[in-house]
């Protein structure tokens, strides 16, 4: 697009790829994000100094902060995202739910208001139909929450949930919701311009999550039908229109086994998983975001959005699945990227790069496209097998395990699927049958490596000595024998 | 040259003479079984090995108490007991049976200390909890023994810093 | 596809990526290709030993050799390509031209037969209409060839061409062809199965060539119309059907300014530039080749082939355009690969890899896809700017120059365009305006690098000393001053 | 510390004190003009430099007779005349004015020798033709002078081997 890019960085990110690849780069402050990336005043100072016309907030830190959008407006910088008002309307869960209800977007049936007592809870639960979920009014993070599957369980559940809510939030009040069993997380990508046109770009299924963190995302969803897509897409567009939404956003839904969908929340920014949508639509979302922010109309209508093939993304993390997913920062000694048809690697690391402990230990995303789901998954598996990083631990083997799992391959996934499946996946990684040839190779490499010298191994980065000790040793042996 | 190697827990006796050139066939024996392979070094800690007709990519990293090897994605933990290890400074393996030193895997903070210095601990027992990147990790004793040295609660540690010694 | 891959390698290629990434790998022989890659007996021995079901010949060496296909057949190994008979029918230029003429594929008008004398040449030339081309019957490589634009020039041209032909081939006979001015090279990708179905997958424009070597390829061609594509596609399919062709192949044409197309030749194998077709069709050509070789029917019909967007490929070479394109072998000290939407890098090199002098110094291919030609080119430019290799010289800057050239951007290309444009492109690379900031940075890096020590610089590979001399120096300076 | 640097043919006088830490601002002067920049080393021969608001990637390679630098794709030829160069072994630059040694850029074969040893040649004159990878390349004299040493026709040479010396 011929746009000059200006990056900001904290001291921890001086060597990060976004700094190296930008046309211009300015320091925002020290490593802690509240002193750098979260400082709106600093960002504005840099943007003014560099003469920026527009600001893209990315998808972390201040990306959903209306104050950043406001600061941009008052500095005459185009914010590449929705208006601060739309962000506020949709950013708060309560406000977004109210708006969704008014827009006729389906919600999980329930009371919303606190229930007076146990008796009232029983009446409402029978009306909703079991199973139901007791939730703390002041709640969050699963505290004060209990699933109840029959009248007989209600008494104990009520007492437990109320006392947990009292302890956690100082507020014992509870409300009831229909319990959605094994829900899928399916989200709709929306995109609106400043001229009143809003379209949706199909869905992404993000049900493979670990502790509410997405691990694998795909588009289309394995359970999607054209009717369901239209219904969900129209609901998302309706909500966005009511909120006066402009630019890219995501409306998240829970979907149950009967393909009922329920509003969850709105992300008022680009998502980490946007490449899967790019690969099935052929659109460049960031480019469209910039065009829309520049006041251009969307260059296509809903009818012109065509989905083709299937895309799958997995998130690569510097973490050790075998050790409770403990982060594994450190210097990347070597890195090998996969290539070939339908493979895209969006990462920010390189040989010699040090993964720091400051921020999220995500290394990047590996994305594949195929004519159908099976081909996309097969390509992603091949890509993961070709991908190699040493010096730090990664979750690549676990991702391969998921991509080989029969339930995943069958599309039988839901938001708690990975958490439940994890023990089996992890033990599967450990109990591979013995491979004598691989073991021989490991022994040989261990010996050659130890001959290459411990001294050199102590250096960080991709170190190579002028002469391999293994060659020197060999030569000495030769001399010894020839004597 | 004879080496003793533990690989994924199993002990193997390896007779191996360092090859004269890269890219040539290397002959060695594992527990008396002769093995021939073709090995080249791709870069520091990365080897391409052709063995049994297969093409194997092996990466080697120094890990706590030994080597971490990955062969086409499969992991091996190895420790080499080199007869000439003292001269070479490869003595770390010998220590396994003796004094065990636990180092911080990354910079972090000690959030909990679970034992006291001088206390007797068994293998696998939790010694302390380190927090880094908002996640906590329990550091466990690799052997039964007595805790000799121990980091303090609240202490900030750098990667590689000694957290505990078990003797 | 779950297929175990077996690679062969010569001694020069032991560390090549195809060996490292294959499941199995066997040595074919020493570096010279006639002792390794061209030894059909060796290949068969390895294929039998490894128990191969099929053999993919790639696109170099023996890929168009019918004897390899025959040897496969007699060893009961499926050859992933056409039958040896079809290869023979289309592999020889003369046989292919005869077949094309019978199939009604347009050819450059001319005599084919030798002309008796100068008078005859004048008569025929006037019938064909000037300009015409005098060509040696025994010719090749442009020897004994003269373009003639009017009657008056015929006498001198005849004498020159005949004497040159006599000197070069010992055969003075000449024939005449219509001279196609500024022709484009446009080729049609075909794919046939063993059940009689042959489809075409659109065209590739490969007019950007240096000395008959393709440099940049794209699909669709900037001058293509649906009618022309149908006509060329149908002609290619007709010829392939008449030849009993199975598997992937390419029919090459010259196209003149009036969009007349003329048969050139057939490549009976996959082409280097096949990824541009993959990117606009969404098909995996190698996978389809394997399926077809396994006897499966093509899983789609001509109507189902949909072209979407635009793809451009450029070939990265280890060569020095500023020094007469002299090859630049050596060890790759560092390599940075581009990423992002629509970018694909198919290369075979890595940090520490030594580009040898044994074979073609192609490092790989960078391919981009965009919604239209302008987006594809812009992405390829960004990709090339992000691509970086040190230790050897590459043609990346020249490729960038081509991708910025107004004539290229206007699609005004023909087979001799690059050869004619080259002096201007090369001088454009040298006469950039001065950039004082870049020069300061160069000075600083030169100083820091020289402080890092000459000793370390002598090592091959990505060498890093335990401690940077530049840091040590700084510390000494500090000590000096604090005293 | 004062250095003389030729960069793309232009001679510049640079005053520069090596920085104490990576990633800190480096101050130096070029022909008296003060420059401040932020430089870090990415890997051997690769630097990220922030200067004048711009983010610049610089790669450095040793090339015949100096350094080849690429700054965001733009090429610079540089030679450093270091006042302490003799002590450091950086004397190569000084030789430019004196004895010039031409080395083979890659393994190849001498297919033609265009001058004789002892012959006087002018700068830019072709000395010999080397063939590698089926391509021929003329090696020209970098200065006017006398050919002292010369490879033989038909000779096979390795990369780095001396082809000719002009004094």
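We call the chains A, B, C and D, going by the order they appear; numbering starts again at 1 in every chain.
Note that a contact is a pair of C-beta atoms (placed from the backbone, for glycine too) under 8 Å apart; a residue touches a chain by one contact, two chains touch by 3 or more.
The shown structure was predicted, so the numbers you read here are calculated from the model rather than taken from an experiment.
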Message = Find the pair in A-D, C-D or A-B that has over half of its contact pairs, by residue number, in common with B-C.
response = A-D
Ask   = Higher C-beta contact count, A-B or A-D?
value = A-B
Task = Let me have the rounded angstrom distance from the C-alpha centre of subunit B over to the C-alpha centre of subunit D, please.
result = 44
Inquiry  = Could you work out how far the Cα centre of subunit A sits from that of subunit B, in whole Å?
reply    = 33
Key: Distance from subunit D to subunit A - Cα centre to Cα centre, in angstrom   = 48
Ask   = So what's the Cα centroid distance for subunit A and subunit C, whole Å?
value = 39
Ask   = Taking each residue of subunit B in turn, which ones touch at least two of the other chains?
value = 43, 54, 57
Query = So which stretches of subunit C touch two or more other chains?
reply = 21, 350-352, 461-464
Query = Which part of subunit B faces subunit A closely enough to touch in the complex?
reply = 3, 5, 7-8, 12, 14, 16-22, 26, 28, 30, 35, 37, 39, 41, 43-47, 49, 51-52, 54, 56-62, 67, 69-76, 78, 80, 82, 88-90, 105-108, 132-133, 135, 137, 159
Request  = In the complex, go through subunit C and note every residue touching subunit A.
outcome  = 1-2, 21, 275, 278, 282-284, 286, 308-309, 336-337, 339-347, 350-352, 369, 371, 375, 378, 386, 455, 458-466
Key: Residues of subunit B that touch subunit C when the two form their complex   = 23, 38, 40, 42-43, 48, 50, 53-55, 57
Task = In the complex, go through subunit A and note every residue touching subunit D.
result = 7, 11, 14-15, 19-27, 49-50, 350-352, 461-462
Touch list for subunit C against partner subunit D, complex = 323-330, 333-334, 357, 361, 385, 388, 390-391, 396-397, 400, 432, 435, 437-452, 454, 456-457, 462-464, 468, 470-471, 473-475, 477-478
